[in-house]
Amino acid sequence: MAEEAIRIENVTKRFGDFTAVDHVDLSIAQGEFFSLLGPSGCGKTTTLRMLAGFEVPTEGRILLEGDPVEDVPPHQRNVNMVFQSYALFEHLDVQGNVAFGLKRKKVPKDQIATRVAEALELVDLSSRAAARPNELSGGQRQRVALARALVNRPRVLLLDEPLGALDLKLRRQMQIELKAIQREVGITFVYVTHDQEEALSMSDRIAVMSDGRVAQCGPPEEIYEHPREEFVAGFIGVSNLLEGRVEPGGKVRIGEDCLPVPGLDGAGDGDTIQIAVRPEKVAVDEIGGDAYAIEPDMFTVEGEIESKVYLGVGNQLTLKLAGGSRLVALEQATYRMRADEQWEIGQKVKVGWHPEHCMLLG
Amino acid sequence: MSEPFYKPRFLRVFTGLVYLYLFIPIFIVIVFSFNSEKSLQVMQGFSFRWYSDFFNDPTLMDSLLTSVQIAVLTMVISTIVGTALAIGLVRAHSGTAKGFNILMLVPLITPEIVAGISALLIFSQLGITLSIWTIVIAHITFSISYVTIVVRGRLATIGTEVEDAAQDLGASKWESVRLVLVPSLWPAIVAAGLLVFALSFDDFVLSFFTTGEDAQPLPVRIWSMIRFGVSPTINAVGTLMMVVSISAVALAVLVPRLFGRRESGVKVLTGAEE
Amino acid sequence: MTSKRFWDWFIFPGGIWIALLFAVPLCLVLALSFGHVDDFGRGVYGFTLDNYKDVFDPTYVPVLLRSVGYALATVILCLLIGYPVAYFIARHGGRYRYALLAALVIPFFVNYLVRTYAWVALLSDQGLVNNLLVDLGLAQEPIQFINTPFAVVGGLVYGYIIFMILPLYGSIERMDPSVIEAGKDLYGSPFRTFLHVTLPATQAGILAGCVLVFLPAVGDFVSAQLLGGPDTYMVGNLIQDQFFAASNWPFGSALTVIMMLFLAVWMVFYLRRASRGEAEVL
């Protein structure tokens, strides 16, 4: 049995002049929850469809469990898909929908009944087996689509933005359920989404895509804390992007400020470089007051509060630094803060962050 | 301001008059079909005699049977062929498909007399004697276009995702069409079939040119009756035919409801989105 | 991959049928129009233009012109009568809209022949209309209705008006009502609003309706036969004669070709507009 569930080997897909997928090369392991994340048009759905067999790569090849699948049509692949709009068969009831794949494979009748019951149990829909799709709610339809795919015991499950049509609360709930189901069933999930929070919370690994290529691929923490490109830093979470010049001693000059940035060995002195800092990593304190947020080994500069947005959980502050650059800080109102502390516009403050939270971008 | 009220009132009256104009002849037809005397101008008494004449007249009954046979055959064949054509045209993205898309509209806007003559010519050229079969063939030719249009309209609102899902679950392309696409098109197919039945049953000009020695369909018989001697039997026949045609179309509108789906038959027939 | 050919199999039966049993026969008509009649009275293929010369003979030209004229009159009348009705149902029909439409369509379920014949009964010299007029003292003696151009055009209007009203209805219904409100603000009078806003907005329906009435009306022979006489002969009657009574198929074919060419211009016009979405598609 091959180690990898899926191998996408340098695959390119063109539609006429348009390149939808550009030299994508990925390996997905057995039992992994792997997400393809990116904005609309980045090629993630096309990649998924190539895995399912609805599109054929223009260049490169795809291997499922070590076997190349160029000549294998969708109905012969051991892969099942949950579609964005669920694509339920309206003329069949829930039972009929879920049993469909099993009937195609000529599974004996009694086995079909058992397996369908199991699948419905898994998605918590046993009570609605005789219902018709048009009688179900959005969340229920989604679960039928899931059961219908899982009942066939595929090696890989492909999911195309399955939670997009659900409201926020339901989506959060389904995310947890999906993750639990994946762990329970143990099969490989390839999950397409444009919602980075969703990808971060559910995935074992994420491939961030843009304009048909993979910008970065890795576990969620790595993608979030160490983005390698401006695009990734901007797409995942929010980032402060700063441009500066490399100076001797591992420092970067941004405006009038000079920050120590670890890991600068590659860049030459005088080069322009992009760094990013996450807003939640930026600490803000009153000048002359007690140090609540700023920690001893942080790099600090002086700045002024330009604007403030109250978020309930905390404040989003836009700061103008002494050197001229702007920074957004996300400050959570924790138990350590004084209850009556209020930021004022124009207030002079001390701003700081840990040097290792500087992200170097390509 | 009196203007908003002015407009509807004038329109309402006008529309009412038009409806009157449309229905008066129908009224005449129906009422005089029950006339006890032969006159088509003066109503003398109530009677079913023209209806019983109709049912007791072997030639007329023959014609009725012929019309029904033709309509049924036309309905069955043109529905199958037309549905396949609609599916093919919408799913194929080739040049042939685009060409046929236009070609298929032409029978609908060609005057029936032209269709009749060309049918007559090809049958005579091929040495085929005119008979009930030539009528059926001629009817099928225009019916295919009607079926294709109705089914195509419905097909446009169904995406390909459902067929993809079927294939993903193990159905071959053909199976996905048979097991998933056709069932979802069923209301449109039935509606188209009934529509075509009504059109065929009622058709005159095309039948006129392709009728042979054996039994003539009802409308052709009516033409002979009008040319050579009229009696209120025509009205009885007309009324009965009207009932049959209305029933067929009413079914076409109601059948989608009967399938338990919440779609209006009118919407199915006209392909409107829900 | 087999995918490209797969769908072609679906197209072939219908496509071949229409090609063989519609397109090819039309070509036959064209071919025969260049033929002549042999000694036995049968149509024979040939290469003569005699039939076309005959078509433009002074005896027949009036028939051709008359057909176009009647058809044109029919279209105009259908438009004038049909537009207000369609407008009323679409904009003021409310929840009775579908019932009104259904009621509108019912008369057309009576066979065209029977319907038209009912008008004969109504309009003949001993018909109901004349009886009524004489009884009410509005006329000294029966007025000649039958066998006049008015009767024929009237029959045509009655026969085809539904094909004008339905596309008009569709087009008016699809129109955004707020456009009319905006128009009222801009143009003031309801008449000018109608002219500058409503009419252009329903152009697609008007076009479709005109084409759907004009095309069959030109070739119609039933109305002229039942409601008219030799003076109101239309090209349809002429053609029908050639294929049955006079038995001059080549000449009949030539007449048909001329008629088709004339109509083809409008057909192409309509099809192009329809594919561009500027005319309602059937």
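Just so it is clear, A, B and C label the chains in written order, and each chain counts residues from 1 on its own.
Here is the rule we go by: a contact is a pair of C-beta atoms (placed from the backbone, for glycine too) under 8 Å apart; a residue touches a chain by one contact, two chains touch by 3 or more.
As the structure is a prediction and not an experimental result, all values here were calculated from the model.
Most remote from subunit B, judged by the distance between CA-atom centroids, is A. The interface with the greater count of contacting C-beta pairs, when B-C is set against A-B, is B-C.
Here the spacing of subunit A and subunit C, counted between their Cα centres, is 62 Å. Averaging Cα coordinates per chain places subunit B and subunit C 17 Å apart. One finds 56 Å separating the Cα centroids of subunit A and subunit B. Chain contacts: subunit B has residues 173 touching two or more partner chains.
If you check the complex, the residues on subunit C that touch subunit B are 2-4, 6-15, 17-19, 21-26, 28-29, 32, 81, 84-85, 87-89, 92, 98, 103-107, 109-115, 117-119, 121-122, 124, 126-128, 131, 158, 161, 170, 190, 211-212, 215-216, 218-222, 226, 236, 239-240, 243, 249, 252-253, 256, 259-260, 263, 267, 270-271, 274-275, 282. On the subunit A side of its complex with subunit B, the touching residues are 52-54, 73-76, 79-81, 83-85, 87-91, 100-101, 104-105, 132, 134, 148-149, 152. Residue ranges of subunit B in contact with subunit C, taken from their complex: 3, 7-8, 11-12, 14-15, 18-19, 21-26, 28-29, 32, 40-42, 81-82, 84-85, 87-89, 91-92, 94, 96-97, 100, 102-115, 117-122, 125, 137-138, 140-141, 144-145, 148-149, 173-174, 198, 202, 204-205, 209, 218-219, 222-223, 226, 230, 234-235, 237-239, 241-242, 245-246, 249, 266, 270. Taken together, the subunit B residues at the contact with subunit A in this complex read 159, 161-162, 164-173, 175-176, 180, 183-184, 186, 260-262.
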